[in-house]
Each structure stands twice: as C-alpha cells, then as structure tokens.
Amino acid sequence: MSGQDNEGFSGGEDTAVGGIAADRLRSIIERVERLEEERKALAGDIKDIFTEAKSAGFDVKVIRQIIRLRKQEPSEVEEQETLLDIYRRALGM
Amino acid sequence: MSGQDNEGFSGGEDTAVGGIAADRLRSIIERVERLEEERKALAGDIKDIFTEAKSAGFDVKVIRQIIRLRKQEPSEVEEQETLLDIYRRALGM
Amino acid sequence: MSGQDNEGFSGGEDTAVGGIAADRLRSIIERVERLEEERKALAGDIKDIFTEAKSAGFDVKVIRQIIRLRKQEPSEVEEQETLLDIYRRALGM
Amino acid sequence: MSGQDNEGFSGGEDTAVGGIAADRLRSIIERVERLEEERKALAGDIKDIFTEAKSAGFDVKVIRQIIRLRKQEPSEVEEQETLLDIYRRALGM
C-alpha cells in the first residue's frame, strides 16, 4: 500500500486506488477543509466585532494598533516609542 | 459618554475614562484577541494535518491543489484545464 | 483568430495554435515575467537598504513605522495618536 | 554619534539630532520610499497587461497558472500532474 502508514486510521483496509490509501487521503482533505471553514467563520466573527466597534464610535485602526501593542512586552513598546520620537525629531516631523 | 451606544452591553454604567466607554472598549479588544487565539490554534491544527500527510507519504502541494479544485465548480475546473492545455500547446510547453 | 484583438501587436499574422494568437499570448506572458523579475529585484534592493540601516545602528521596525507615518496626512497621524493615548489610558495601559 | 557607522555616506558631518545621524536616516528612508514607488508602478504595469490580456480574450487565471508552471522544472511539473491525477482518481473526482 505504497509505504503509507495506515495505523490508527481505520480498523479495516483502506481502498487502494492506484496504490493510494484513498480513505486516508480523503480523511486528511476533509479534516483540513473543516478546519479552514472554522477559520473562515472566525474571521467573519472578528469582522463583526470591528463593525460593532465602529458603530459604537470607536476607531478601528486605533483598536488594531492597541491589539498589536498588547502583544508586545511593555518595555519593548516603550523602547520603540522612544526611538520613534528621536527619529521623528531628527527628521523634523 | 461620548455618543457611544452602550445598549445591550452591560447592565450598569461603563467606566468613562476620557469620555470613553472603557469597559466596552476592553470587551471588544478581549473578544478579538480570543478569536485571534482560536484562529492561530486552527492554523496549527491544519499544519499538523499536513505534517501527518507528509509522513504518510502524500505530496502536500498536490493535496493543497486538490483542496483548491474542490472549492470550484467541476464545470469551471474542466473549462480552465481545457484552456490550460490549449495555452500550453500554443506556447510549445 | 478566435475573437482576439490583435491590433497594435504585430504587423504580420500571429501563429494560430488551436485558434489561439500564440505570439500575443507569449508576448503577454514574457512581459509579465520581466516585470515580476524587476519587482523581485526591487524587493531585494529594499532589503539591502534595511540591512545597511541595521548595521548602521538603526532600528528597522521603527524606520518602517516612520515610512508608514510619512504616507499619512499629518493631521490624520495626530488624530490617531490622540485616540491611541485616550484608548490606552481607558485601558490602563 | 551613537555608534552609527557614518563612513562612506557623506563627505561632511551629519546633523546629529538627539545623537542620531539625521542625514543618513533621511537618506535611508527616502531611498526605500523611492524603491517602493517603483514597485507600486510595476504592480500597476502588470495589472495593465492582464487587463490587456483579458480584453484580447485570454483567461487571466489560466495565464497566471502558466506563469507559475514556467517557474518550475518541467520534470517537477510532470510529477505533480501525475500525482494530481492519481489523487483525483482515488477521490473519485
């Protein structure tokens, strides 16, 4: 069966089509498709929250920036903001 | 409270910091962060399935192509494959 | 010749393979490939400048932020920075 | 001057603002911006060619696929197409 490890996948034999473990291939593909569906649904949920935020009067770009900042260490944020200030002043911005 | 619609969000009053509905802002941000965590976890799960596929002897690039094809209408797939053949022959590929 | 407009492309006749204006198709593909090569080269040049910036002691992430800011209107930058401050204070950041 | 190597950059002294080699920083930023402009222009040129291709009756998705195939080794393309056929048959597609 073409060197594919079929253990732990099905109790019985896999349908070998062209030397391929067809059931296993189908299982892999369907699991990926299901997870991709879930990812898409989550992306929709996130979009909905931003729509809610916008209609509540918040600035979505600024909220995204807050989320980015919260992912970083506070000391790292502070250091970069200090540098940003220095560079801006150097450039006369 | 700065014109933000707070209805349906909390029973009590929101903490207004600088005229901002702070609790609502925090709720929005934390919900987005939670969903982003879930998306990241799903991406990891998908990656694991492809790792499994690879060690079972499947070609991951080809599996991805199969998944793309399954998203399209069969008639659309067929039409594009016909055109691809025509273009390749025209180019001597 | 398959309904393709060949005007302004070549003085003579196009090689029709499978009803396809083969020369025109080839010209389109080769022009895209050439432009993609140039884009890739530019991406490499940009990367080199950031490498130079880094070895000159600059913080590349901060330089990227400066470049983003310079693309925006100063009034827009100021407004977003004010909002960012307000949101951060509201969140106790 | 804050450890930044200014050699080979300008004959004279750099304006040190906040300990920063301001001229060098400005030069880096402006060069990146110029290259990014060029990249954007090339992306526009590529888009124009696809618009031309479409109005000449070609299928743009198929042309993109041709371009992808031309980047691969012919033997690699052939191998993947063989596998794609096997997987499709195994899945009854």
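All chains are identified by letter, namely A, B, C and D, in their written order; residue positions are counted from 1 within each chain.
The rule is short, and it goes like this: a contact is a pair of C-beta atoms (placed from the backbone, for glycine too) under 8 Å apart; a residue touches a chain by one contact, two chains touch by 3 or more.
It should be emphasised that the depicted structure is a prediction, and the values quoted were computed from it without experimental measurement.
Across the two interfaces under comparison, B-C and A-B, the one joined by more C-beta contacts turns out to be A-B.
Chain centres here are Cα means. That of subunit B falls 23 Å from that of subunit C.
Measuring from the averaged C-alpha position of subunit A to that of subunit B gives a distance of 7 Å. Residue positions 25, 29, 58, 63, 66, 70, 87, 91 of subunit B each touch two or more of the other chains. Chain contacts in this assembly form a complete graph, since each chain touches every other chain.
The residues of subunit C lying in touch with subunit A in their complex are 58-59, 61-63, 65-66, 69-70, 80, 83-84, 87-88, 91, 93.
Subunit B contributes residues 2-6, 21, 24-25, 28-29, 31-33, 35-36, 38-39, 42-43, 45-46, 49-50, 52-53, 55-58, 63, 66-67, 70 to its touches with subunit A in the complex. Contacts from subunit A toward subunit D in the complex involve residues 15, 17-20, 22, 25-26, 29, 86-87, 89-91.
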